[in-house]
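A single structure is presented below for examination.
Order of writing sets the chain letters: A, B, C, D and E. Residues in each chain are counted from 1.
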Amino acid sequence: NDGQAGGQGGDGAALEKVNYLTSFNTFGREAYAYVALEKGYFKDAGFDVTITPGSGTVDVLKLVAGGQADYGIGDFTATVITLGKQKLPVTTVGMIHQRSLAAIVALEGGKISKPEDLPGKKIGDQPGSTNTLMFPLYAKAAGIPSDQTKFVPNPPPALPQLLAAGTVDGIGQFVVGVPLVEKAAKKKAIVLPYGKLLPDLYGNAIITRADLAKDHPDQVKRFTGALLKGLQDTIDDPEAAAQTLKKYVPNTDVAVATEELKLMKPYVKPDDFSGPLGDVDTARVQKVIDAVKGADKEVNPALTPADVVDGALAPKG
Amino acid sequence: MIKLDGVGQVFEGRAGRVQALDGIDLHVQENEFVTLIGRSGCGKSTLLRLIAGLLPPTYGGVAVAGEPVTAPRRDVSFMFQRPALLPWRSVLSNVMLPVEISGGDLDRKKYVERAHELLELVGLDGFERRLPHELSGGMQQRVSLCRSLIRRPKVMLMDEPFSALDALTRTELSEELQRIQMELATTIVFVTHSIEEAVVLADRVVVLTPRPGRLREVVEIDIPRPRSLGQNAHLTEVAQISAHLHALLAEKQAEIRPVDAR
Amino acid sequence: MIKLDGVGQVFEGRAGRVQALDGIDLHVQENEFVTLIGRSGCGKSTLLRLIAGLLPPTYGGVAVAGEPVTAPRRDVSFMFQRPALLPWRSVLSNVMLPVEISGGDLDRKKYVERAHELLELVGLDGFERRLPHELSGGMQQRVSLCRSLIRRPKVMLMDEPFSALDALTRTELSEELQRIQMELATTIVFVTHSIEEAVVLADRVVVLTPRPGRLREVVEIDIPRPRSLGQNAHLTEVAQISAHLHALLAEKQAEIRPVDAR
Amino acid sequence: MTNRSWLTTSRSAAVLLPILGLVAAIALWWLAIVAFSIESFLLPTPGAVAAKFLEQPGYLLQQTWVSFLETILGFGLAIVAGVPIALLIVRSVILERLVYPLLLAVNAIPKIAIAPLLVVWWGFGQLPKVLMVLLVCFFPIVISTAQGMKSTPAELVELLRSLKAGKAQEFFKLRLIYALPQVFTGLKVAISLAVIGSVIGEFAGATEGLGYVITSSGATADVALAFAAIALLSVMSIILFYGLVLLEHLLLPWAQETR
Amino acid sequence: MTNRSWLTTSRSAAVLLPILGLVAAIALWWLAIVAFSIESFLLPTPGAVAAKFLEQPGYLLQQTWVSFLETILGFGLAIVAGVPIALLIVRSVILERLVYPLLLAVNAIPKIAIAPLLVVWWGFGQLPKVLMVLLVCFFPIVISTAQGMKSTPAELVELLRSLKAGKAQEFFKLRLIYALPQVFTGLKVAISLAVIGSVIGEFAGATEGLGYVITSSGATADVALAFAAIALLSVMSIILFYGLVLLEHLLLPWAQETR
């Protein structure tokens, strides 16, 4: 059993101190880590976890690489791109989302309601995001020209406002961000998820230091196990998970967070997916790498799945 | 021309209050030349500032040309104890300041000519383009003198205008000042520490007591003009009056104390 | 004590160069009282600044106590033409500044006493805690005088120290200065615009010509001490010498021009 | 002769008028929303912001305290580090010419771009935030102290030199004191920057502080909460500013202002 | 008697020393990387940054130009708007007390938090960036101009009053000119902020400018590119600063600095 190290509940001294970074902020979609913390899964696995809100995939990668954090969550595609350009001593050890959450979101009554509307439109997006980068692939899959849609870079927190104000026709967003957009704009949203047309793209992944993965695989396995247990609970009962999040982050809007988590479920566990939570499929990883290489010429052409994923540590069914 | 009615001035400071002036009643006639003497710190500069409208009296009334003074007037010029030159302006342009301010731009050429004349008069020709910090103390004072003369004022208030000048320049300029006064029919109140100068220049010499400054005596000088400082024709009269003034100033020395020190 | 060897000073400005001093050769003995007169702008202040080591001469050599001057010396005190008081320091603390600077903190109490004595001497007792801007012009000058006296210097350079003082205070203080000089065996170089003052105070009077300042004449004064300004016992001698000096100063007036104006 | 009325001289007016100014500003804000019918997701009404504050005053004040501490610490450090550097700059032309470009280069870095770097180097604690504050408010302090000291009148510098004052004395007994009014101008500029610096520091790797509140409000698109935090920042900034003004009045009674 | 050597007096030293300072800074940066073996994903070497610049100098200079224009425009606007406000503040205690809190409140807002707002209101063009620059560098200009004008010696103010100068004359013939050295101090602080302001403005809704280069490189962890942009910003900041220094020397030959 993996609870041995910290089995003597309450004896904090025996627990291993671990820093964990969310992918971005304390959105509802990050609730699973708090669930694992609240339910004592981390403690049972022998960890004393401190959760800190992250500020984007690249920052998370740097903080983990720099040793300030032991584990973090980041978008897998962005991770592949980053690792394809920079040698960072990090690796991924499991997936949170089996499908990419990336999507283009517009508002009902606006100029976009289906992929075919996209050419000639202005999309607000975080600079260099998965949405922007993978758009050519998405366009190809949707059968539309890829060079007629204009992406305007903007910081992520501003995107819902820009969309609501009509400054842009659509925004790059994760599907789980839709409730927030709807709340801000007070309108129904139109969602064009990439995951539907590009089923090979992963969403967020668990990131850790390369040396930790290499030297202490047991510890890593114990940690991912605990985290994924929290993830399981979260998709089983989104409402409770949102409540837990609120307990730790008082500003949380429980309704929005619940909504987010409900939306997230099919991406964590798609209908046609039968593997364990967190599963990594090396063949798919290869496809992602190839896609990234096609989209961004600066990515190291010699990049292999082993450079980005520690397959051995990923949960196996 | 200038009327002071029971004027008094009290300064409040952190370290106590100082009664600078008290109960000054004085009437200066048009075209009169009044000199003001008194020991250092007795309130001479303060009195001039009251007349100029730069300071409201704590009590009493000040009037110039029949009007109560509440603010500075265009027809009154003030030459300060310190030169107060604008450091970024050349000598010429410092002298021209009053003209610029009163918008005499129509006659600008005429005034520039006059400025050159005045500067030559005080021995500063050739220095027109220099900045104040390149001048000696006495030269700065002379620039300030020219500045106070350029606008041909009706009333001139002059606070120790010759204090930084050598004896010779002093003599020359005091003669020049008398000439200007006659020519322009100016009313002058002139502070000085030189008793001889006070006697030679004045129609009346006003003597102030030390703190608080009160009128001690007003001495009429009846020597015919023009008079000259230094080797002059009326040596004995001047010496007599000077000796009297000297004696007046020497009185009551023990009283030189600020109010709060008692 | 002070030795000047062919000293000259040229100022370069945007509006041309000015030759302030030229070929000054002067030897001041220990315990001598030298007064310096000359027309305004002739280079008196500049000469003092050279001796004080505040300005390197353009050419020539300056030595004090046998050592060439390259920087200010502790045993030389300088009283500037303007009061130069630190605006944030009270009167007392301005006077104490030289003591603080030279680290005389051991004898601080003694010096504070002396400061009070000096302030009383110049009629400023009761004003110890005031800030400079609360004082009249003459009062500021007296503070500056006290400051230059507190450290009992070997050499005192004084630039028109009494220019803003009334006749009476002037007389009192010049007597006091002679007393202090005798007591401390100080060497004094004293600039003044009052010829009478120059004669009464000096062992020798140095007369400078106007621009460029050159030595015109050095006049020995043989009147026995103590001498007094105003009503003094040697009226005729003083008047004679004064007349001579007056004549010297009046010479060559036409030359009062800066170099670049020629 | 100046016009003295109750509004310009009384002590209570000195407190009341600024408050009136703030109230007017808030009224304007409200008016703008009504006049241009600005949507609440862009700019919430003052009422909504106030309501947000009243929902959880304890929590928000706690976060304000966190940011306040960082601000004060960083600001203090900036003074401690900045004044000696200003001394060196005034002391030596050569040093000035060598050091200024360096300071300028560091100062020109958009601090937000290096906030994550500070976290990487100094962790998630208070330190990187304090350092951010230091970085942000360092330069105005250095430059205004240096300029102030350089503008000491030649006459006073000559006085000290004639007294054979050492360089240290020249600086501490004359130049620094003479420069104080200008130093305070620099501090007044710097304090506002310091407050912003703490927030920028909290944008990366923080779990408390007003900066964190602002970012995390993004997670719930809670614009009113973000503005509540911004309002608290403004209040903090105003209080610190007037604290400096008060200190200036106490320390520099000799610094005569003319109107 | 001051020590005059080639280093302190010559014109070429005035140019060479700052450059030397920069070179030393770069050397230090390199050394730090080697000494603390800082990973390149945190801080790239100067060489890598230079290489990045040489890869696409035309493009980067083009972006620099974009940011430069925004900076200059916003800075100019800030002067145009700030000086009159400073005049008003000095003119009237009542206005000062009403206006300062308002200025402080606006100034305390972390500008990065409202960058998107500007975009929403004024679109994706140059305007919101210029406004951001204005917002960022407005306050130092106002406060140093106001403080400078307030510190005009009473003696000179009295002179102008005794000449019965109007308020406008008092301000334009005396106070403003007297304040110029302090105004320049404010401008020197403001210009660095202005440069940063343009970048912050470009963080939202820009497709060009150095700020855009930084955000877009950040997204792909191209640290060297981000630092190339930051280096260009620093250079721009230094050039603008020394431009101000030059202007000051030309405009204010009377402003004597003492050392």
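The criterion applied here is as follows: a contact is a pair of C-beta atoms (placed from the backbone, for glycine too) under 8 Å apart; a residue touches a chain by one contact, two chains touch by 3 or more.
Nothing here was measured: the structure is a model prediction, and the numbers come from that model.
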Exercise. By mean C-alpha coordinates, which chain is most distant from subunit C?
Worked result: A
Seminar exercise, completed: Dominant interface by pair count is D-E
Exercise. Centre to centre, by mean C-alpha position, how many angstrom separate subunit B and subunit D?
Worked result: 48
For this session: For subunit A and subunit E, let me know how many angstrom lie between their CA-based centres, rounded off.
Result: 39
For this session: Let me have the rounded angstrom distance from the C-alpha centre of subunit A over to the C-alpha centre of subunit C, please.
Result: 84
Problem set entry | Shared-contact residues (touching 2 or more other chains) in subunit C | 14, 54, 71, 82, 131, 133
For this session: Please list all residues of subunit D that touch 2 or more other chains.
Result: 42, 120-121, 154, 203, 253, 255-256
Problem set entry | Per-residue multi-chain contacts in subunit A, two or more chains | 62, 66, 157, 161, 165
Exercise. Which residues, counting only subunit D, touch subunit C once they are in their complex?
Worked result: 155-156, 158-165, 169, 173-174, 177, 252-256
Exercise. Which residues of subunit E touch subunit D in the complex?
Worked result: 7-8, 13-14, 17-22, 24-25, 42-43, 90-91, 93-94, 97-102, 104-113, 117, 120-121, 139-140, 143-144, 147, 150-154, 157, 181-182, 184-186, 188-189, 192, 195-196, 199-200, 203, 211, 214, 218, 226, 230, 233-234, 236-238, 241, 255-259
For this session: Please give the residue numbers of subunit B that touch subunit C in the complex, ascending.
Result: 11, 13-15, 18, 37-41, 44-45, 81-82, 90, 123, 125-127, 129-131, 134-139, 141-142, 160, 163-170, 193-195, 230-231, 246, 249-250, 256-258, 260-261
Seminar exercise, completed: In their shared complex, subunit D is touched by residues of subunit C numbered 49, 52, 54, 71-74, 76-78, 80, 82, 84, 86-88, 97-98, 100-102, 131, 133
Problem set entry | Touching residues (chain side subunit A, partner subunit E) in the complex | 56, 58, 61-62, 65-66, 78, 81-82, 85-89, 124, 126-129, 152-155, 157-158, 161-162, 165, 167, 296, 298
